[in-house]
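Letters A, B, C and D mark the chains as written, and numbering starts fresh at 1 in each.
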Amino acid sequence: MTTMSQVVNAGFPLLTVTAGLPAVGAIATAAVPAARRTAAKWLALLVSLATLVLAVVILVRFEPGGDRYQLNESHAWIADFGVRYELGVDGIAVALIALTALLIPFVILAGWHDADPLETKSSRWRPTQGFFALILAVEAMVILSFEATDVFLFYIFFEAMLIPMYFLIGGFGDRAHQHGDKAAATQRSYAAVKFLLYNLVGGLIMLAAVIGLYVVAGTFSLSEIADARASGNLDMATGTERWLFLGFFFAFAVKAPLWPLHTWLPNAMGEATAPVAVLITAVVDKVGTFAMLRFCLQLFPEASKWATPVILVLALISIIYGALLAVGQRDIKRLVAYASISHFGFIIMGIFAMTTQGQSGATLYMVNHGISTAALMLVAGFLISRRGSRLIADYGGVQKVAPVLAGTFLIGGLATLSLPGLAPFVSEFLVLVGTFARYPVIGIIATFGIVLAALYTLVLYQRTMTGPVKAEVAEMPDLKLRELVVVAPLIALLIFLGVYPKPVTDIVNPAVQHTMSDVQQKDPQPDVEAAK
Amino acid sequence: MNPVNYLYLAALLFTIGATGVLIRRNAIVVFMCVELMLNACNLAFVAFSRMHGNLDGQIIAFFTMVVAAAEVVVGLAIIVSLFRTRHSASVDDASLMKL
Amino acid sequence: MSAPAVHSLWTTAAEPISKIDAPKIEYGQLSPTLIVIGAAIVGVLVEAFVPRKSRYHVQLFVSVVAMAAAFAAVVALAAGGYGTTKAHIAAMGAIAVDGPSLFLQGVILLTGLIGVFTFAERRLDPAAHGNRVDSFAAQAASVPGSESEQAAVKAGFTTTEAFPLLLFAVGGMLIFPAANDLLTLFVALEVFSLPLYLLCAVARRKRLMSQEAAVKYFLLGAFASAFTLFGIALLYGYAGSVSFATIAQVVDGTVPDVNPALADTMGNDALLLVGAAMVVMGLLFKVGAVPFHMWTPDVYQGAPTPVTGFMAAATKVAAFGALLRLLYVVLPGLRWDWRPVMWGVAIVTMLGGAIVAITQTDIKRMLAYSSIAHAGFILAGVIATTPDGVSSVLFYLAAYSFVTLGAFAVVTLVRDAGGEATHLSKWAGLGRRSPLVAAVFAVFLLAFAGIPLTSGFAGKFAVFKAAAEGGAAPLVVIGVISSAIAAFFYIRVIVLMFFSEPKPEGPTVAVPSPLTMTAIAVGVAVTLVLGVAPQYFLDLAGQAGVFVR
Amino acid sequence: MENLIALLVAAPLLGAAVLLCGGRRLDAVGHWIGTVLAAVSFVIGIVLFADMLGKGPEERTLTQHLFTWIPVGDFQAEIGFQLDQLSMTFVLLISGVGSLIHLYSVGYMEHDERRRRFFGYLNLFLAAMLLLVLADNYLLLYVGWEGVGLASYLLIGFWQHKPSAATAAKKAFLVNRVGDMGLSIAIMLMFTTFGTFAFGPVLASTGDASEGMLTAIGLMLLLAACGKSAQVPLQSWLGDAMEGPTPVSALIHAATMVTAGVYLIVRSADIFNASPDAQLVTTVVGAVTLLFGAIVGCAKDDIKKALAGSTMSQIGYMVLAAGLGPIGYVFAIMHLVTHGFFKAGLFLGAGSVMHGMNDEVDMRKYGGLRKYMPITFVTFGLGYLAIIGFPGLSGFFSKDKIIEAAFAKGGTEGWILGSVALLGAAITAYYMTRVMLMTFFGEERWRNQPTASPDEPSAEPAAEHHGAHAEPHPHESPKVMTIPMIVLAVGSVFAGGFFSIGNRFEHWLEPVTGYKHGNPPVSALTVTLSTMVVLVIGAGIAYAQYGRRPVPVVAPRGSLLTRAARRDLLQDDFNHVVLVRGGEHLTRSLVYVDHTLVDGVVNGTAASVGGLSGRLRRLQNGYARSYAVSMFGGAAILIAATLLMRGV
């Protein structure tokens, strides 16, 4: 296998290129002159598609059976800090990179007109170019943080991606609210600042832990730390390990977000445009849960097990609490945000259930949640852009005037409530089973989440789409071609992965086995040896 | 006579000077208090020089005087220009910038 | 009685006069300082003899050449191994030529060079009576608004003395971190302080504030240096010498020949501790550490912005250099006494600076408080008392000084009728008006906030890492907390610039001359390079991290 | 042969896909595509059935494994089908009745511009339902289980412009979700207990599992069954589900989907057999529901709601039977099939009546319709006779067997259950007679009556063609509608008898469910006779009330019980007060908490730091001397601290 992966490594730095392409694309897009707005859009779209192609190449060249980390790259970077530029992907990372690369083109396409300047500003002011450049920058940083196998390298991009996100949230609001609406502007910048400060505080506390890790381990390289641990050269004092774990976990829990650190998400998703909201919840937040799997469990196995009960309870609270608040929302986007909080609860629960099903399910969940939320949120965005309001109460009977829009919205909703046959069901059930196998009570309580999910989704659909047609929506146009092109593939993917998730699970399972062995956990065995 | 007493005197002068800086309003007086503190230092230097029986302290005293003189030049220049604009040499009047 | 005996009653036979050997000065190794001081004196002569019209250009030329030459000399010395292998004490023990001093001298000279550029900027203010004007008063001596001043303006006077003053200050700063005995330390302190006092006083606009700043700075500075001097006296009294090496020996008790007097004073630790505390206090005043920081905001706000920028950058570098040398060369034996105290100072400095900055409404004041917070971060590195500690502090100083210069240079660009528009509310919507300037300033702010991929992050990581390795983990935690607090007000400015609607009567962004542009460009370049690829400079700082004693 | 199984599901699924994605260009032919594809899967069913009959009773089970669905560690979910006698019974019922109702709908939905989508949904339902009964493991069954839930949601809410319809649809889905929770927990329990959830291994190894665990699994399965089959306490949705078009009520909410719960229990026979407690609870649920539904059925004036109550009650019989164990399983299924025929027939009849009466549903505004729609009258009448268990007709055989089995359970339980079943039979006779009389006999109360009462907006688009307030012109429905009714009527007449000749049905199902003949404490004849007696009593009372006296057009206030029954015995009010209102309060308060508490803590911290900053600022008061003071103090502290460190 080693030889095999060496063969793969021979050749050009695939991972760097995959992450570098959008980065370069971002700069290029930003450099497009103000007048050539459309050109910038197309450039960004093409770059993101090219990145998708590269991601597919990674997907192909990655062998599930092979080494834990593949396509490795390693170069000296900051020797004084013990930092190397080390990239490598395991199954989990590959899946998430694919997800990111897949979603960005849709995000760009969906946000096609979101950043068109309303009035002709000074020629130096180029919001459109900025918008798409920032999106590509986020993509680059997210991909790099998935690829980094060096804690410090990961940390850098984990933090740095906040800045473009911050500008995306604060700089580009809903078209409906942009017309010199002071209140909306302040709302928006409040949301942006909240997002940044929450994550910055998390990141800084993590920074302390990162430094601590270096003091303890003397290196940032996952592989070296793993070797040291294996050869017993690395013995963390229990107390130290727990403190470091908390430092890392806090940052990831803010990003994920986990109750009670979640309150930035509804603001951010509510104020940002739908594509940016998708970027937040479907792409950027995944870095948090991903990092829990890769860093918390791998670096601090003992502490992870020590903290598991508390984290599971918090995750459980997130599931129920998020769902209940989603029911209580008046604002479509905030509703989706709280729904996401509930789903992130499931993901975190799956990760810390410490069972194969739980962790594979959690990883699968990250992918599926990304797709399903994207579908739901983008359609919601199309809806909002038509009526110019985010309030559920402002809609009604849309199904009559725009059946296709309503249909796609319903499918997105059904995916959110994880209807069997659609992708999210698979992951959610795996997480539940995985949790139930070890913590039956928590598993059962979590199952209530599926009822609540049905509640908030169907209430949303009923209030917006059914009933008598409201006057304001009477001549609402149905989905345009561009919008259909955005939604249709996502829905197709939801159905495909719901019926045949094997391709993903095959990639993910080996990685999960590694993680399980990191934390020295075995799946609980059934009481009865079933007759075959 | 025990040279340590000179140190006590020096300390006393230094404290007097410091107190003056804290309680006097007139910039000139405040500045002279600073000079007093410097001279207290000189006294201490000389005393120590005597105690240790080497000349470094006395030489430093001369340096100090030069520095003090330089400070006077700069200080008076600033204070005078301030006085000419405000027609007052009170340090408390110069409190535009705060918080 | 016998004649000789009687004779001996009132006379003693004089010793035969032994010949005094001339002091040995290594001019080559002192060349950076000598060049700058020499240039300063030339500058004074220029003021005396060159006609007014051409002074500006001559001064500019002289200063730039001097700085460049001095920097070249520093590089040459470093290349010649004086920073590492050949490091030794020069000028009869007065000056140490070693890694830290060379590194810091290099940084100071670069900041000085950029400082000259910002000093020489004369495109920002509208021309008065057809004469280009810079940010210094036409005639500092004349009362603002008086006829004499109007006459001076009409005549097109400018305070070209600023350049020699700057050179003197730089000269002092070059000596300060290299000073190897307390006397040199004190003299250097005064040599760079006095010109700064003057420079603060000569703003073209808002002269009242400028003079007030000067007075405050001067009185408090003199007050502080009096303390320093008394501390020096006590240390001298303790060790019987002002030479760092000797004092260190006495502190460690490894002094070769102990005469009775020394034995007597050596026993008295109070002398040592009080003296050390007072000297350190003088240095803490210069770096602007809480509770000796209170001059900082007022002076930063009142002084002409180019001066502020130079002062904020260079003073910190020089003062921290001296502090490092004092604590690492003179008082390592006292580590267990001063470390806890420094802990306290670092903590209050980090938190105090960050917290008070939150509610500031003036950009210059805000940057002043942020500089206080940064002083706290650097102190955390100082406390490490490890080689890493030294190099991390050196690196941080280099990174920080360029960011600061750049930031203040940007501040000079944003102007309205009353000169620079330093009130934060006027910065609203700057990002819409002139995205480029706003973006540049945002980069500097992010560097201050320590966002990865900027020099600020690399520096912060370096000092925190050193502190953690030095066993000061709690300091690191408090450090990150105060960084979080600090992040808040940096972000606030960004929000203001980009997310709030521009005011109709808002300030305009003046288009500067290549001078300021260079300053800003260098700032940005250094910020990004040190953020993305800091290794080379970390190596540099690492090699330079060894003191000679 | 087994490769055909997938086609059973595939055909309607294809139809659904084509019709729903096809767009308007299929509007013209959409309904025929749907009907044909439904028929296709019926034909395949027949073929497989013939093939099955050709084999010996033991080797009749066919399996087909398609692919591995979710392979994660020990969790191996397969996509695989299992076609045995039990599944086959359902396949024929579903696809057969399904096809008929497709045909019927062609006429019934003629005037609806969204007919294509309607047929798409119907096909989707068929596919899901067939998947449900063909799955070879519980997880795949779960897929079909929720699939039919979705289809039912879409069809109940088909007329989405009616808020009542949308609400009913949502309610149905939610209540079902509660049941689904049970099913998923049951599957998790199976996985942790047996390490698998495929029918074969699980049911084969029930012997090794602890009874407690099996009881838990059984109860969870029962919870699921309650949700799907509208059993107490999860019955509330069925009544509202009548908001859907009548064919839907006939197919989904009478013949097939609502019986899925019974299928689940019978399929899991081994688990229930091994856990008497679970069985007892099952019988109790069944008994309670059969009374509950019957009582509700008596009070409703809405013909569909009355039939819905009856459905609830009849399924109660089946669940009761299923709870009886091997002596009941077979009859549960048998009643399920016959009920499938006659109840579907009754609903189609009701639909035909409404079709002729401008979609009037209030029976008090019917009357004397037998002259105007004879075919409907006859078919409906046969269905009526069948359901009340008139000797010789389907219902008679199946229901009678259940009552016997109930007594045969033995002991006090047996007596109680048996008599409950008897009572149920009486009430059934009562309310069905009532429906029959109010609809087809008596004077024509619809004359010079405004139809569709204004507060209740007329459901079916058909109404838009006739004037909303015009006097109705009752007329017989077109062939395309009557033919299915006739076919079903035939079924409801003969099916029971056909099954009972030589206990065919027992032998047919025995290999799957197992069968043990239960001996009632009294002779079977006695039971049958008493059944006849109560039947006559029930019908008699109804005749006395509605046949002899004229029926008031406006419903009288009625007794307390009547009023309670009209409101589904108040359980809706209970739900409203406890769940809906309570839930609203909960979410409201949580929103408040999130905003003030969780967010407040953070904002509070920020604010306090800001306040601190404001206070510290004041120290910077602009006076040089106070700065000097702070320096002096600082120096003092510094010195003192240094000295303290040394302890001098």
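Here is the rule we use: a residue touches a chain if its C-beta (ideal position, glycine included) is under 8 Å from a C-beta of that chain, and two chains touch if they have at least 3 such contacts.
Protein identities per chain, from UniProt: B = NADH-quinone oxidoreductase subunit K.
Predicted model, so just to flag it, every value in this text is computed and none were measured.
Enquirer: Is the number of contacting C-beta pairs greater for B-C or for C-D?
Expert: Between B-C and C-D, the larger count of C-beta pairs in contact belongs to B-C.
Enquirer: If I average the Cα coordinates per chain and compare with the overall Cα mean, which chain comes out closest?
Expert: Chain nearest the overall C-alpha centroid, as shown: A.
Enquirer: Express in whole angstrom the distance between the two chain centres, defined as the mean CA positions of subunit B and subunit C.
Expert: 23
Enquirer: I'd like the Å distance between the centres of subunit C and subunit D, where a centre is the mean of that chain's Cα atoms.
Expert: It comes to 81 Å between the two C-alpha centres.
Enquirer: With centres defined as the mean C-alpha position, give me the subunit A-subunit D separation in Å.
Expert: 37
Enquirer: Indicate the whole-number Å distance between the mean C-alpha point of subunit B and the mean C-alpha point of subunit D.
Expert: Comparing mean C-alpha positions, subunit D is 97 Å from subunit B.
Enquirer: List, in ascending order, every residue of subunit B touching at least 2 other chains.
Expert: Residue numbers touching two or more other chains: 18, 21, 30, 91, 94-98.
Enquirer: Counting only residues that touch at least 2 other chains, which ones in subunit C make the list?
Expert: 215-216, 219, 223, 227, 297-298, 488
Enquirer: Mind pulling the residue numbers of subunit D that touch at least two other chains?
Expert: Counting only residues that touch two or more other chains, subunit D contributes 617, 620, 622, 624, 628.
Enquirer: Provide the full list of chain pairs in touch.
Expert: Chain pairs that touch: A-C, A-D, B-C, B-D, C-D.
Enquirer: Which stretch or stretches of subunit A touch subunit C in the complex?
Expert: Against subunit C, subunit A makes touches at 76-81, 121-122, 124-126, 155-157, 159-160, 162-163, 166-167, 170-171, 180, 182, 185, 188-189, 192-193, 196-197, 200-201, 204-205, 207-208, 211-212, 214-215.
Enquirer: Show which residues of subunit A lie in contact with subunit D when the two form their complex.
Expert: Listed in rising order, the residues of subunit A that touch subunit D are 198, 259-260, 262-263, 321, 324-325, 327-329, 355-357, 360-361, 397, 399-400, 407, 414, 419-421, 426, 429-430, 432-433, 436-437, 440, 443-444, 447-448, 450-451, 454-455, 458-459, 462, 465-469, 499-502, 505-506, 509, 523-532.
Enquirer: Per the contact definition, I'd like the list of subunit B residues that touch subunit D in the complex.
Expert: 18, 21-23, 25, 30, 91-92, 94-99
Enquirer: Inside the complex, what are the residues of subunit C that reach subunit D?
Expert: Checking each residue of subunit C against subunit D gives 215-216, 219-220, 223-224, 227, 269-270, 273-274, 276-278, 280-281, 285, 290-292, 294-295, 297-298, 336-338, 340-341, 344-345, 352, 355-359, 485, 488.
Enquirer: List the residues on subunit D that touch subunit C in their complex, please.
Expert: Residues in contact with subunit C: 606, 609-610, 612-614, 616-617, 619-620, 622, 624, 626-628, 630-631, 633-635, 637-639, 641-643, 645-646, 648.
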